[in-house]
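Two complexes follow with chain A in common, the first pairing it with chain B and the second with chain C.
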Partner chain A sequence: MRISKWSEKLFGTPLFEPLVAFSFLFPLLYLVVFLIVPVLAMLFIAFTYEGNFSLHWFKSILGSSYYIQLPPQGDFVTKQVTATGETIYLIRGIDFGVIINSLVVAFFVTLLASLIGTIFAFVMARYDFKGKNFFRIALFIPLLVTPFVNAYVIKRMFIEYGLVNFILHDIFQIPFRIKIDGLVGVALAQAMAYYPIVYLNAYASFINIDPTLEEQAENLGSKSFHLFRTVTFPLALPGIAAGATLVFIFSLEDLAAPIVFHGDPLAKKLMSFQIFSKFISEFGERSPEIAALSIIMLTLAILAFLGIRKYVSLRQYAMLSKGGRWKPRVSDPRPWQKVIIYVLLLPLLLFTIFPQIGVVLLAFSKQWSVTVLPHGFTTNYIKEMIINPDVRRYIVNSLVYSGSAVILIILLAVTSSYAAGRFKGALSPVLESIVILPIAVPGIVVAMGYFYFFSNLFPNTILDPVSITFNPAFVLILSYSIRRLPFAARSVYAGLQQVHVSLEESSLNLGASRWKTITGILLPLISLNVFGGGMLSFVYAMSETSTSITLGSIAIEKAPITAFMKDIMLSAAGSVNIAAALGVLLITVQIISIVVVNIITKQRYAFIGLT
Partner chain B sequence: MVEVKLKDVVKTFGETVALKGVDLEIKHGELFTLLGPSGCGKSTTLRIIAGLDFPDRGEIWFDDSEVTYLSSSERGAVLVFQNYALWPHMTVYDNIAYGLKVRKLPKSEIDKKVRWALELVKLEGFEDRYPTQLSGGQQQRVAIARALVVEPKLLLLDEPLSNLDAKLRLEMRSEIRRIQRELGITVIYVTHDQEEAMAISDRIAVMNIGNIEQVGTPREIYEQPRTEFVASFMGKTNVIPAKVVEREENKVTVEFESFRLDGLTYNEKNDNVVIVIRPERISLHPIENAVTLTGKVDLIEYYGFFIEIVGLFGEKRIIARTISDKDIKGLKPQGEVTFYINREDILVLPRQQL
Partner chain C sequence: MKKNLALPIIMLLLVSVIAGCIGGGETPTTTTPGTSETTASTTPTEEIKREPTKLVILTRHDTTIQMLVKQQFLKSEIAKKYNIVDLIFRNAPASQWKVFIERGQADIGWGGGPTLFDDLFKQGYLAPIDDPQVLGLLGTDIQESIAGMPMVRKGDDGKVYWIAAALSSFGFTINKDVLARWNLPAPEKWEDIASETFAIDPPQVGIADPTRSTSNTRIYQIILQAFGWEEGWKVLTIIAANSKIYDASDAVREAVIAGDIAVGNTIDFYGYTAMKLNPSCVYVVPKGESVINGDPIALLKSTRNKEAAQAFIYWVLTEGQKVWLDENINRMPVNPKIFDTPEGQKRPDLKKAYELTLKTQGIQFDDAKALATEKALQYYFKATLVDASQELHRAWVALVKAYKQGKISKDRYEQLRAMLLEPIKFKDPDTGKIVTFTEEYAAKINDRLVKDASFKDQLMQEWRDAAREKYNRVLAEVQG
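The block that comes next holds the complex of A and B.
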């Protein structure tokens, strides 16, 4: 056999090996065909007007005061007096136009989430205090995804007679009530849901700082805040920034909060909601304006993503540890720090986990209207969820789609990790980047890309969303498998890095084939990572919203649960309690998965990351 | 048993040239060592022989067949990795049996061979243990058994002793030698430890930055180093830059500082030279017809079973070694000392270009 120059160049193997080539080409082609090409198809449509290349759609968007409104309009706070003479301050935010609103909301969500997340991370990483384990568990609760329902509970927390006013007005006797709605409501709901993402990333950064670096600084006379500002914080910053970027992208693409707050017209003036509502209000071919708006949103998300990648790669501080065990720097808090922990952080934590508690209460409540807590409890909604054949069908649909997607995800994650992690070909870095790219592509953009892609390339087939024969199963499985791939890919890649390459080389060297080496040596050694990654992907596939509530709700028979939950939220008639019951189901699946994964793989914090 | 030939093997990794045209011939049943500092290319050479890396240019031959681009699994040159690379999810038995299972041998045959291998490395009774339940030395034995059980044409050992403590290292060293003699197998051994290489090898190739500097028996390498690098790499030695000032046929007179040494053998053209003197070949007693160097005592260092005297000759330090306490009587720091060296113990080598 002669060596193959192009195999060496592309795959890093001088001898052409079909299995290695497959490991490169399968995930690469899959992502190109089902992620890049649909986005390009949308790009093509966005730049086409009356058959020619044109900036028409972008001009019409960017030139419209609906999308960019400068100076902004409206009052941030308005004062209302009710018939009973009570004063209510209504806080909604001001209108900068759709595009700037999205950016402003995402900016403040990121700021708030980063601040809270970093404070919690620092306290958890550096102090020992009573109740720390409660904090540790509670900090995961906001990460439990219950699409729409938790945003719904948050909305209720901020109404005139909700939890916030109960605390401020009824307990602390503040002489007025506040109501939060519109963009401010959306931002608060997102910040409460997303701050644990920063927390996890920041926590990992804090505990990964070599303690001797801080000890040396102390030894040289630095202490307390100076030490934090000059050594600790800069070293943790890449992790914090990575978490913050994720929050920024998540906020930008979030549909659940705007849909829940859509009663206030201001909450609709966000890019994600605009794309969504234009999509569902039109029939047949959609206006290219949607495509153009999607491209604008994608550009913003990708810029944030590339920015953070560049920044983090520039600040890869190699911790030059020379052996020795790390003694974690954990100390007892001083009295004033205890005050902060118990008087400030604990109530804040309880406040942020209330939405998830509220979802459970809602699922079991008989009546819950203008009171802080529900009146009377019932299991009827849980029963209905199980008995009602319609609801059961949605559950089965979701299970089937997510399960199928996970099979694809595992195949993609294993092949791409193996190729990118073991071989140094020209395609390796390409593959490494493209596998985490789905994080940076907003779900609604994937949905729109698929819409244009499949309706133009496969007209009048079951893949064509415009056709009456459309079956969303295939499209949703594709979308889930791509959008949730990064979770599993990260996990598998991390496992692969733990396995020394000589274990595989010695197998090859003893005469085993590549296939035998992968199946007999590598896969058994990384099986826990594959399992853990698969579970996480499954959990997040079950709660996927963007494609599920757009393409997924076209054929109602084949819709997944999130599409059904969206319908409840958008129509006044549906039962929110049933949606909450589905939320409880999702929470249960997530808790079980996360506990199982943590027990089996002994990996904590392997949830969401970016780098 | 196999004879291995490397012909002009070149290997680059990106910009760095790891091997700059390596030629080697390794004979049947020989224990051949690649010796050199880290980064000299010795492990790369071994991996290329194992088929885990492929050269950019050049050929590798096993007996009469070219194997340059044969994949590792087809080559039959089995490598024992520096970290042993035992599979943690398999027992000792399964680790050793792996290569036989790959070859689809019948179960009874596998069992017989595994027992033979376990006996060979003296690990009977450890079949059901997992690698993590073994000590470093035992893991090493499993790795060797796993390699030998497939009856390889060629056994490759990559720094096999570097992860063991000093005592175990000596034990395993003679163990490897014993097994090699018992099986009469060709072994290529990689190490950076010159003492280890001397003790175990039939022949040694000393490597430096991608080149073979010298090939020879341990004695040849130690006593007749052909380059400055080989001389300085093989144990503690005095390497003193000097200049040829007179030539007469193959005899030269060299000069360093204000010292002149005449009647030394040197055939090369280059006048920039080093003189190499082994510390143990320097006498503190007068010898007839010897070269004498008189300088100051700089240091006297006590090592237990020998003593070193560091003499200062102008700016140059020269170390002499003795095992006799009597030799240092009367010597004290800053005092005068005279070194006596036979002319045949002084090697003159061309100075290496950097």
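The block that comes next holds the complex of A and C.
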């Protein structure tokens, strides 16, 4: 056996071991080839002007008031009076131009989600009150993803004659109606869907705070809000910030809400929608302007991601299942706190779970045209989803694509975690970062990158999106396996951290091979983490939208469920209900996954920090 | 070391699993190659054992239509006779069709409006239809023209290149409840939605982005021809100023049904569907300004199975017409014989609408003229009216409001209105000269916009910026 210098340098093993090298190189090369290269491919288009390298497109975007409009234009609220004498306040937001609009929306969504999420987390972590279990369950509901349909329900809640006005105007007799549309509508829909992400992370932080720290502060005379502001909150901040970053990036890349609200011109002035719209209408064209806009969007998302990473290491909150060793500081709320819980938080909670309730109602109702709620009971749409072979096919497609992606994800997650967690080579930190990088790459950017990449490198094959033979299966499996990798990777990594390395060392010392050690010792010990992470990746792969509705919808008979949902939401009549039925199916899959993961892994908070 | 073998084996297994999953998607271009050029003049005696065939159909029809056609066609006698085992639909944007045809990957083009098909015909992408059975329908079951519009496209060689498979007319779908809520009159003509009456917030008119909707493109072409190019753009500008602009024509219909807007530009069948879903919705044919279109089906140059492809066309024009009668589709058949079938007799409403369509008075519409500037129209509209819609709407509503409230005089109003509607001036990227978007200029750049993405992006940026600047200037003037 020869000692290899470069092996030690790169992989941290003095002897070259194929298995270790594979664990490093497989995930690394996979992500380079299928994430970084396709995204870089766009750079070539974006930096080309009249055949030469040029910053022209970036300059023209950054110099155009369409993209950056300062000072902003428009009125945040306008007042209208209808012919029937009713006053309507139309709330749409103001126009800062496409790029800043995206940032402003993401900022306010993050702020709102953090505020609501943190309040709920604090109350749940520190107080015992009647109905707490209802709160606990209900707080998971907004996390159930039903692409498009829940944004549709939210939009319907805020129209002139929707649920909100029914409550405010018809029940509470407020003398006007409000209608929310445009950027405010998009922001609201996103905040309602994403705040539980902050909640889960913040909750984990609160229950993990060492109670002795707070007790010391109390002994020194600090109490109530001062205690919270100076001790509790700062200690929980890394968790909150980590959740907030995810919300920021999710908001930036979200397509469902802008698509649903797109009737309002302001809702279209968001980066994600601009790229999507151009991609769909001029499919097959290499628009340098849109490539440049994609690069700008990517840069912003990565900056947000790095900014927060500097502040808090993302892996920190992947290990939270260790928490709860000490006696938690839980108390009964005081009367005024009870008032807040039942009068403010409970209605807020009910309000934020309404979109999911609405999806279920819609799936079982005949019609929802002009009424406050959908009406007429029918099971036809659920039946059609199951019986109609055409609809069923999309479900099967999604299951196959997501299932295949998960196999790849598990392989990637295990190899990368093993390499990065057990060996200190030069590649370890690189691998560690690159595995969670997909979180920061907006889905629409992946879609654009894949489009250029595969149509250039594999023209006229099943991989070429502009070929009639194009089969989205392969491209989607790749995209899912990369976009949803971070969920499983972080779960597996966390598991690995909890297994002491000495167990493996003993095995190796007793003569077992590396392979035997991994398969016989390590994998059984982390199998629950692998399972939990894989499940989570599967659930989110099923509900992936960005690449599914662009690349996936090209060959409609091989489209995944989300592409079909978008397609029928916008086409034939009555189909919103079928989309809702598919939403119910997705909800069911997600609930089953959560329950199974929780039962098998016995982790009460299996989802914490992994969203 | 032997154990390390396990790894490649696992990898191999993985790959095979994935390949297996993908394997379901065998290549769809398995139209039997080398089928002789003989046409489908099938005498009953010749019972040839045909190879199983799959037809690839490029279409702009939505999923509902695709599903239903596939279901019904594969059950039909014709499918069995020609051993057609599958239909593969590709709903691709118009620009993509040519790529598929050039690559020899598609058999039939269906749906998307005559503009698209005439464009393909002009550029030689269509093959003549020569099946005697299909040709036998023309002039008997299917009229060669309805209300002055061609239902069949014949080339200079006298051959037939496309045949209409459905009829459509263009008009408004209105929601009476919403009109009443905002005290708006029901529009009867295109000019009606291009008026100050509809200058309100939130906008109550819905139209669709022409780069996303061939039907709305046709509506704008009708307006440009009815009013003339210059005046037509002014009308379009005011319509856009009064409107919410949706990304798809389906979204316009949904918005009218849901009461989000009071009036939407739609094709007749969208209107009829809306009437079924919400009784307060009514489809209105614009008086004297309607255009009827035949929505074509055609044989593509790239077909590798002419016989089967023409058999499918024959099915669409005869038995397949009943697809249009489905409750969720509601389109107008081109072959009225379908109304005599049991399915047809269940739809007296559509029959009535069909007869009404035959009688509608349309404008004289020049296909060739519309085609010459089609792409330029779409992109110019997109840049100056869709992308700038926020600014345009604000300026227009502020202007009308100021006038109605007596803040500005009539003269001043007219002056600012003219300013808002005047054509924008921009720099021609080629010559560097300052030009306006005349019909000649539009025709000149039309083809280049399709081929040169960089040129198009550049020009659209200039249009958009110039338009927004103009609208903002008017707003500034109004606000003093």
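As a working rule, the second predicted complex is superposed on the first by the 584 of 611 C-alpha atoms of A that agree within 3 Å, B and C clash if a C-alpha of one lies under 4 Å from a C-alpha of the other, contacts with A are read in each partner's own complex, and residues count from 1 in each chain.
In this section, a residue touches a chain if its C-beta (ideal position, glycine included) is under 8 Å from a C-beta of that chain, and two chains touch if they have at least 3 such contacts.
On a predicted model such as this, the values are computed, not experimentally measured, just so you know.
In the superposed three-chain model, the partner touching more residues of chain A is C, compared with the other of chain B and chain C.
In the superposed pair of complexes, A:521 makes contact with chain B only, with no contact to chain C. Within the superposed three-chain model, A:225 lies out of touch with both chain B and chain C [touch as defined at top]. Judged by the touch definition given at the top, the superposed model places A:503 against chain B, while chain C stays out of reach.
Once the two complexes are overlaid on the shared chain, A:134 sits clear of chain B and of chain C alike. Judged by the touch definition given at the top, the superposed model places A:18 against chain C, while chain B stays out of reach.
In the superposition on chain A, A:467 makes contact with chain C only, while chain B stays out of contact range.
In the superposed model, A:511 makes contact with chain B only, not with chain C. Residues 513, 516 of chain A lie at the contact with chain B in one complex and at the contact with chain C in the other. Contacts from chain A toward chain C in the complex involve residues 18-19, 22, 48-50, 57, 60, 64-66, 73-74, 78, 80, 82-84, 90, 95, 156, 159, 161, 179, 181, 259, 262-266, 268-269, 277, 280-289, 367, 369-370, 388, 390, 400-401, 403-404, 407-408, 411, 460, 462, 466-469, 471, 473-474, 477, 513, 515-516, 554-558, 564, 567-568, 570-576. The residues of chain C lying in touch with chain A in their complex are 3-4, 6-7, 14, 17-18, 21-22, 24-25, 27-29, 56, 62-64, 66-67, 70, 88-93, 95-96, 99-100, 103, 105-106, 177, 180-184, 200-202, 206, 209, 211-212, 244-248, 250-251, 254-255, 257-261, 273-274, 276-278, 280, 328-329, 386-387, 389-391, 393-394, 453-454, 456-457, 461, 464-465, 468, 472. Of all residues in chain A, those touching chain B in their complex are 1-3, 14-15, 500, 502-503, 505-513, 516, 521, 524-525. Chain contact summary for the complex, chain B toward chain A: residues 50-52, 54, 69-74, 76-79, 81-83, 85, 87-89, 98-99, 102-103, 146-147, 150.
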